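Dropping the structures in below, format is C-alpha cells.
One chain, subunit A, links the two complexes that follow: it is found with subunit B in the first and with subunit C in the second.
And now, the complex of A and B:
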C-alpha cells in the first residue's frame, strides 16, 4: 500500500516556450513538452520545441523550482530509430526531470545509456493493470505510470495497492476513444497513425468548409461531421465523427467531450495519486493560463481542507469555456461498474 | 474586456469600400508587429499562398500573400483563397492579446478557418511560439487614442 503522497503534482502541457512560461507562472509543478518532430504524439506544424527553446524552457522552469518532462510517446519505426534515441540523449543532456515513454525498446535504450534519467510510462503504453506496470518497473526502472482513462477510481485504487510505481492520472482535457497506444483509426483514413506519426488527424488531410448544409469537416475526403448553425465543433478525428449507421446519423464511436475531475480531487489525494495531468499541448498559451490557474487554486484549496473542499462554480465555468464540445464528464473514473 | 461589436451601419459602409487599401494597411501593420520575425524561414510554406482574413462584424476582408519579406497585400480575386480565417473584431483582439485560445473560439464557432488546415496551424502555432513583447493593443482602443490626442492638443 502506498503512503499518502504529499506532493500531488500538477502536470501542465506546453506546445511552445510562451506556453511553458505561462504554465510555470500560473502554478504548474511540472510542465510536459515535446520536440519538433514525430517523436511525440502532438506532431503539428509549428508546434513544440527545438533544442534552443527546450534549453530555455528547462532553465526557466528549474529557476522557479519546477520540473520539465519530455514526451517521447510515439513508437519508433526501424527507419527512424536514431531520431528517437537522439531525443533521449538530448533529454538527458538538457537536464529534463523525466522522459515519458511508451516503447519498451526505447525504455531499454534509456535505462542502459542514461541510468540516471528518470522514466515515466506514457498513457500510450496502455498499462491498465499492476502486472503490466510492475513489469516496466522491474525491467526498465520506470518510476511513474500514467494510467489510461478507461479505469474506474476503484480500479485505480486497487492497482495502486499492488505497485510501488507512482501513479499519474488525467485530470482535464479532451477525451479520446481511450485505447491509447493501440488506436489505428486515423491510419484507416489517412495512412498515418498517432502511434507512429504523432497525430490523430494529420493537418494536411483536414479540410473545413462552410456549405449550404452546414460547416463540414473532412479527413482525407471522408466526411467526419456536418455542424448545424449553432452547434459546437470538435476536433476532426474519426472517433468523434457523426456517421450514418443503418439509416441513422449519430456519434457512432464517441461524442466530443472533455474530462473534468475537479470534484474528485479529495478522493484522488486520499488515494495517494502522485500527479494529475492536464491535456492540451496543441492549445495556445491562453488555454494553458486559464486551466493551470483554476487547477492550482483547486488543488491548494483541497490541500488546505480536504473535508470542506467544494468545487467553485467559477472554476467549472472557466473550464467549461475551453472544453472541446463544451461539455464535461467524469469519464470512467466515476462509474459504479467495473 | 467589455464586449463590443462594430455597429451594423458602420460595417455596411466599410463593406462597400474598396478592400485593397485595408489590406495594404493590415499587411504593413502585421509586418511592423512581427519585426524581424517576419523574415523567419518558418513562414516559407506560406510563400505565394493566398490568405484572407475577414472581420465579420466590420464587413472588412484583408487579402494578402507572403513572400520572403513578410506579408504582401493583394487584390481580392474570384479564386478561393488557400486559407481564410474569419472572426469578429473583438475575438481577433482577444486572440492578439493572448486572452483567448483559438481552439476555444473554434469549438464555439466564433472563429472559422477554411482551406488548408496545415497552413492555418502553422500560422497559429508560429504566432503562439513567439516571445513577442506583449502587444498592448489596448493602446489602440478609441478612448486611449482620443486621450493621447487630447493630451497632445492641450500640451
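And now, the complex of A and C:
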C-alpha cells in the first residue's frame, strides 16, 4: 500500500531545448525528452536533442532544481541494439534523473551497466496490472511505471494497492485509444510503428488533396478522412479518421479529441499518484508554456485545499485552445467512455 | 516444421465452438492454442469448458496450449489468469508480462506474440525464465527474424503467425459495442453477431480493418504460404494459422500439403483464394506496410 505522497510531480514534454526551458520556467517538476533518432517514441524530423543540447537541457533544469527524464521507449531490433545501449550510456553520463524504458532486454542492460541509474517503465511497456508492474520491479528494479490510458480510475487505485512501484498517469494531451506498445495499426498502413520506429501515422506518409468531394487526408494512399467546407481539419492519425462500418460513416475508433483530467486532480492526489504526465513532445514551446502554466496553477491550488478544489473556467478555456479537435475527454478514467 | 492453430479470436456460441474443435481434433494440425485472449466479457465458455476442449484435443493427440488474455485490467482478470497459469495439465502461452511473472522459473511456457520480443537479449531473458517457444511479433520482418535466429537460445522454438487476419491492436474501448452505440459494460454481447469480425472500410470502400470487440485486426488476410522456403530456411519451428468462421480445416489441410511438399505453394495459394474472407497480404514479412501483398517472383512465374 502506498502512502499518500507529498510529491505529485508535473512531468512536461520537451521536444526541443526551447520547449524544455519553457517547461521549466512555467513550473514543470520534471521534463522528459528524447535523443534525435529512433530510440524514442517521438522520432520526428526537427525534434529532440543531440548530445550538446541534452547537456544544456540537463544543466538548465538542474540549476533550477528540476529533473530530466530520458525517453528510450522504443524496442530495439537486433541490428540497432548498440544505438540503444549507447543512448543509455549517454543518459547516465549526462546525469539524467531517470530513463524511461519499454524493452526488457534494455532494462537488464541498464540495471547491470548503470546500477545507479533510476528506471521508469514506459507506457509503451503495456503494463496494465500489478503482476506485470511487479515483474519489471523484481527483475530490473523499476521505480516508477507509466500506466497505459486504458484503465478506469478504480482500476488504477486497485493496482496501486498491490505494488510499491510509483505510478505516473497521463493527465493531458493526445489520447491513444489503444494500449500503448500493443498497437501495430501504423505499421500495417505505413510500414513504421511506434514500437520499432518511434512514430505513429508518420508525416512522410501523409498527403492532403482537394477534391470535388472535399479536402481529403490520406496515409500511404489510404483515405483517412474527408472534410466538408466548414469542418475543422485534423492530423490524419489513423485511429481518428472517419470510416464506413456496415454502411454508417463515423469516427469508428475515436474522435479527434484530447485527454484532460484536470477535474480528477483531487482524486488523483488522494490516491497517491506520484506524477502526472503531459503528452506532446511534438508540440510547440507555446503549447508547452500554456499547458504547463495551467497545470502548475491547478496542482498548487489543489494541494493548498483539496476539498475546495474547483476547476477554473479560465484553465479549461486555455487548455481547450490547444486541444486536438478542440474537444476534451476523461478517456478511460471515466468508465462509461469505454 | 510444425503446424499450429492459434487461439480463437472471435466470439462464437458454445455449440459452434465445440463443433469447431471437434473438427480440429480430426484435422492435420500439431499444436492447438485455446482460450479467450480478447475480452473477459466473453463468458459462454468458462475456463472449465475450455479445459474440456483441451482434453478432447489432447486425447486426439494434439499438443494443447492455454493462451492467456492479452489485456489484463481487473482483479477478476487476474483471478482467471492465475487459474490458467496454475493448471497442471497443459502448457500456457503468456500474452502479458503479468502472466510471465506467474509462470517464470516455475514451468516451461510459450512467450506469446504480444510480449514484444524484438531482440535476442529479451528472448534470452525469457528463455532464462522458462520460455521454450516464442511467437514473433506480427509486425516483424523476415530479415529481422533471421537476425534473431542467429543467436536463438538453446532449445528455443520459433513460431510465426502465418495465416489469418492480423491481430493489430488492443484497446480499453470496445469498437463493436461503439458501433451499436452501446457502452462496453452493457455491450449485449454483439460480438456474437460477427463470426469473422466487423469490417471497417475507408469512405471509398476499401476494406481496411476488422473490428473484433476491443481488438482491431487487419481486413486483409496475412498469408505466408508463398514464403515457405524462407520460413524453412530460417529455422522456423512452428507456423500458426488463425481460426476463421469457415474453411479453417481446409486452410490447415493446404498448409499441411505445402509443408509436406506434396503441393507447390503457388497451387496451394490459388486453391486458398476462395477460402479467404478477404484479399491476402504479406507486407510485414518483406519489411513493407503490413497490408501490402508482394507476390513471390518464382510463384508469379509458375502461376
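Throughout what follows, the second predicted complex is superposed on the first by the 334 of 338 C-alpha atoms of A that agree within 3 Å, B and C clash if a C-alpha of one lies under 4 Å from a C-alpha of the other, contacts with A are read in each partner's own complex, and residues count from 1 in each chain.
Everything below uses one rule, namely that a residue touches a chain if its C-beta (ideal position, glycine included) is under 8 Å from a C-beta of that chain, and two chains touch if they have at least 3 such contacts.
Only a predicted model underlies this, so the values are computations on that prediction, with no experimental measurement involved.
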Joint occupancy of subunit A by subunit B and subunit C, clash or fit: fit
Broader residue contact with subunit A after superposition on the shared chain, subunit B or subunit C: C
Subunit B versus subunit C as contact partner of A:136, first or second or both or neither: second
First (subunit B), second (subunit C), both or neither touched by A:245: second
Cα-centre angle that subunit B and subunit C span when viewed from subunit A, reported as a multiple of 10 degrees: 120
Which of subunit B and subunit C A:332 touches, first, second, both or neither: second
Which of subunit B and subunit C A:171 touches, first, second, both or neither: neither
Subunit B versus subunit C as contact partner of A:272, first or second or both or neither: neither
Distance of closest approach, subunit C and subunit B, by C-alpha atoms in Å: 18
In the complex with subunit C, residue positions of subunit A that touch it: 75-79, 81, 102-106, 108-109, 125-132, 134-136, 138-139, 149-151, 155, 158, 177-179, 181-185, 187-191, 193, 195-196, 220, 222-226, 239, 242-246, 248-249, 252-254, 332, 335-338
Subunit B-touching residues of subunit A, taken from the complex the two chains share: 15-19, 44-47, 53, 203-204, 206-210, 215, 227, 230-234, 282-287, 290, 321-326
Complex contact set, residues of subunit C against subunit A: 70-75, 77-78, 81, 96-102, 104, 114, 116, 118-126, 137-140, 144, 147-148, 150, 166, 168-175, 178-179, 183-185, 198-206, 208-209, 211, 216, 218, 283-284, 287-291
Interfacial residue positions of subunit B with respect to subunit A in the complex: 42, 45, 98-104, 106-109, 112-115, 117-118, 120-126, 128-131
